[in-house]
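For reference, chains read A, B, C and D in written order, and residue numbers begin at 1 within each chain.
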Amino acid sequence: MSVVEHLDRGPRDKNELAAAIAGDIPHGAYVNLGIGQPTLVADHLVAGSGVVLHTENGMLNMGPAARNDEVDPDLINAGKIPVTELPGASYFHHADSFAMMRGGHLDVCVLGAFQVSEHGDLANWHTGAPGAIPAVGGAMDLAIGAKSVFVMMTLFTKDRIPKLVSACTYPLTGLGCVSRVYTDYATFEVGAAGARVLETFGIALTDLAERLDVELRGHVD
Amino acid sequence: MSPRVVSDPDEAVAGIEDSSTVLVGGFGMAGMPVTLIDALIRSGASDLTVVSNNAGNGDTGLAALLAAGRVRKVICSFPRQSDSWVFDRLYREGQVELEVVPQGNLAERMRAAGAGIGAFFCPTGVGTPLAEGKETREFNGRIYVLELPISGDVALIAAHTGDRMGNLTYRKTARNFGPVMATAARRTIVEVGRVVEIGAIDPEVVVTPGIYTDTLLDLAAVRKGGS
Amino acid sequence: MSVVEHLDRGPRDKNELAAAIAGDIPHGAYVNLGIGQPTLVADHLVAGSGVVLHTENGMLNMGPAARNDEVDPDLINAGKIPVTELPGASYFHHADSFAMMRGGHLDVCVLGAFQVSEHGDLANWHTGAPGAIPAVGGAMDLAIGAKSVFVMMTLFTKDRIPKLVSACTYPLTGLGCVSRVYTDYATFEVGAAGARVLETFGIALTDLAERLDVELRGHVD
Amino acid sequence: MSPRVVSDPDEAVAGIEDSSTVLVGGFGMAGMPVTLIDALIRSGASDLTVVSNNAGNGDTGLAALLAAGRVRKVICSFPRQSDSWVFDRLYREGQVELEVVPQGNLAERMRAAGAGIGAFFCPTGVGTPLAEGKETREFNGRIYVLELPISGDVALIAAHTGDRMGNLTYRKTARNFGPVMATAARRTIVEVGRVVEIGAIDPEVVVTPGIYTDTLLDLAAVRKGGS
């Protein structure tokens, strides 16, 4: 399969990333969207997609963020933001909710990341900075708990250091758990066989390959 | 995916392959998916491993499945009942294998399968013949036996009401193994007394969330001769 | 504590046993009554005892056996007999029900037995007869799952062989799990320290000691 | 035993001893037993180990308990929040120990304590710093980490409605850790929005059966100034 290079445009912004991910979520999938940017994906799921959102604090078929008098302190998402309930929702306790996740019943989980390795290792919970207070939340459960784990992130840090790496240097969240990485400059498949570029945005494949310290499968110099 | 809602029992069980492990709900007749079992017999699927609390009674249901020679192995807690003559005969003739599992282990091992637990240390059965050859370990001065998950290729269960997203409620002690088996099988087929529209079940009272339901057989429609 | 010998009467019948056990169940206890004779105990729990009955097929606050048009095929006990529901009942699935039991939340469990050892080992699921089809049901879970396990049985088989023994010869159900044994001829405490007679019925302590092959603590010849 | 039903928060928490392990329900503010936590602070109990999803935020609730110097150790999944300044300071000063546990492990380890499981092999955290030093084992080609139960001397939780037998219902995502913690502690103290008579809760919708409830604090009566 050849790589599609979108060179007539710049890199994707976070809403374009969210839209791209939403487009790749199968009809009727059960999906968990991680805290932060991944929640944007919900805005791009079209009506009739049949996608059911799970929030690990005990709910299926979560609706959009609550507005004004919809706000109910007993109804929040994993980011502790007030949300709403869609028809056909259900509530369950934390052990049942994580059993659902860890038992592999969710189809897709979308997460942010500090680093992803070409083999799908994920680092998204701890920078490893000395003195940082560790806080994992549900990250490690989410990482291993869905049939497919998509990462949504910028490809480079503010200091222009690549976040797609040959091996994570930050403390790991999960081993070999990520299957796809959506970034501003490119979408990648990652896994046991290594990383492969699916699409690029605002950058040529050869330039991308030079900026990364990762062997890209299917990329011929 | 929202479940397929069907009104034909044969369609509900279509695709169950030979040599499958089939989890069958019910405790006694309460919660027994009789319509689905009858359809499974008609389907011809054979060489099955059946996981259920009992090994059939009388001549119908699981007993009929056994009598038809479709079952290679039974995993259950209580095969021997006053009217389990079909199983008793096949067992004594060596026609069917038996794994007896304490009832709590049966439930917990399926729960483990559904919850992604690799194995667990369990207090039941320590020092008994059913723990022979199994690994034991002491935690906090008590001895436990290592038990492995039991998962199914298919679960056949009965529920009271299901909505079109597959959310289920049960009725009284007919709940029993249904909610656990629904989580433990790759494919869960449910016969329900009635199918209701989405939104008709209060989200607080859902027992099995729709994520676990793959096929919903509408018994009300079956009775009407399909719809 | 001295042993009470009731010599002005014969051995207890099963209803007297059931009444004695009912009298020893603390007010407000959560109790599981095993299949068969132990279910008789329910008939002797006085109104206001506050005792809540658990049935392992998924119910708390089970009521008496259903009569006539009370019979509901969806409402049965562990013996598969139609029962009723009392106000304040609750239903739960099998994993939750056995978690309740195995987690040690029940106060008392009353079981029948083939044999009980002086150290509280229980044999009640299998005679070990060649060709017998094994069937354990919830017996092993019940044996280890309550704070106190009471056994209700005749002290001798029909062939007059004692069922209270120094070591069980039948296949075990549980190790050291029984605390008290109620029989027609006597009530015993059993456990790590051995067996002790609490009361006898229609038999003198010395005669009882002679008929058993068990050392009885507190019994002076 | 039916639970004690009280209308005085101080009476509800009376008897919680120094050095207890206290399970505290809630995820964010949803399901947080704020009245009971305030009473626990007034009780003076100290050297506590607190098990909760978070380590307090702002200056109230768990944060106030921490600020009062009553907590020796926190076991939680997510201590660091934008407004967790009390915990952050105490942690950096070495005044409080921290055990970070993945959220699913926190729930499952308490579930194990309540269910009599000695330990379990868990897929979460394999290969990460949180599994360092822990036993691992492969089952069916997947690696799992051995995790131990977390039990409490006391659980403080919030529910929506409770009847006088202690049966509880919850509301929406305020359910979270409450039903699990109720099973995992020797003594479970519950604050409920309202106490109803026995029979007023449908047996099918009970989430926490009364067997797990020891003390029920009637918030409606608290608001009225006791009754």
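Throughout what follows, a residue touches a chain if its C-beta (ideal position, glycine included) is under 8 Å from a C-beta of that chain, and two chains touch if they have at least 3 such contacts.
Note that the coordinates shown come from a computational prediction; the quantities given were computed from them, not determined experimentally.
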For chain C and chain D, which third chains touch each of them? B
Looking only at C-beta pairs that count as contacts, which pair of chains has more of them, B-C or A-B? B-C
With centres defined as the mean C-alpha position, give me the chain A-chain C separation in Å. 56
Find the geometric centre of each of chain B and chain C from their Cα atoms only, then give the gap between the two centres in Å, rounded to an integer. 30
Please work out the Cα centroid separation of chain A and chain B, and write it as a whole number of Å. 35
Rounded Å distance between chain B and chain D, as computed from the means of their C-alpha atoms: 33
Listing for chain B: what residues touch at least two other chains? 108, 111, 115-117, 122-123, 170-172, 203-204
Please output the residue numbers of chain C that touch at least 2 other chains, ranges allowed. 59, 85, 91-92, 98-99, 101-102, 145
Determine which chains touch and list them pairwise. A-B, A-D, B-C, B-D, C-D
With touch defined as at the start, can you tell me which chain A residues reach chain D in the complex? 55-59, 72-77, 80, 85, 91-95, 97-99, 101-102, 121, 126, 131-141, 144-145, 171-175
Over in the complex, which chain D residues touch chain A? Could you list them? 27-31, 77-81, 87-88, 91-92, 98, 100-108, 110-111, 122-130, 170-180, 207
Touching residues of chain B toward chain A in the complex: what are they? 1-2, 111, 113-117, 163-165, 167, 183, 198-199, 201, 203-204, 206, 209-212
Of all residues in chain D, those that touch chain B in their complex: 108, 112, 115-123, 137, 139-140, 142, 144, 148, 169-172, 202-205
Quick check on the complex: what are the chain C residues that touch chain D? 27-30, 50, 52, 54, 59-61, 85, 87-92, 98-106, 145
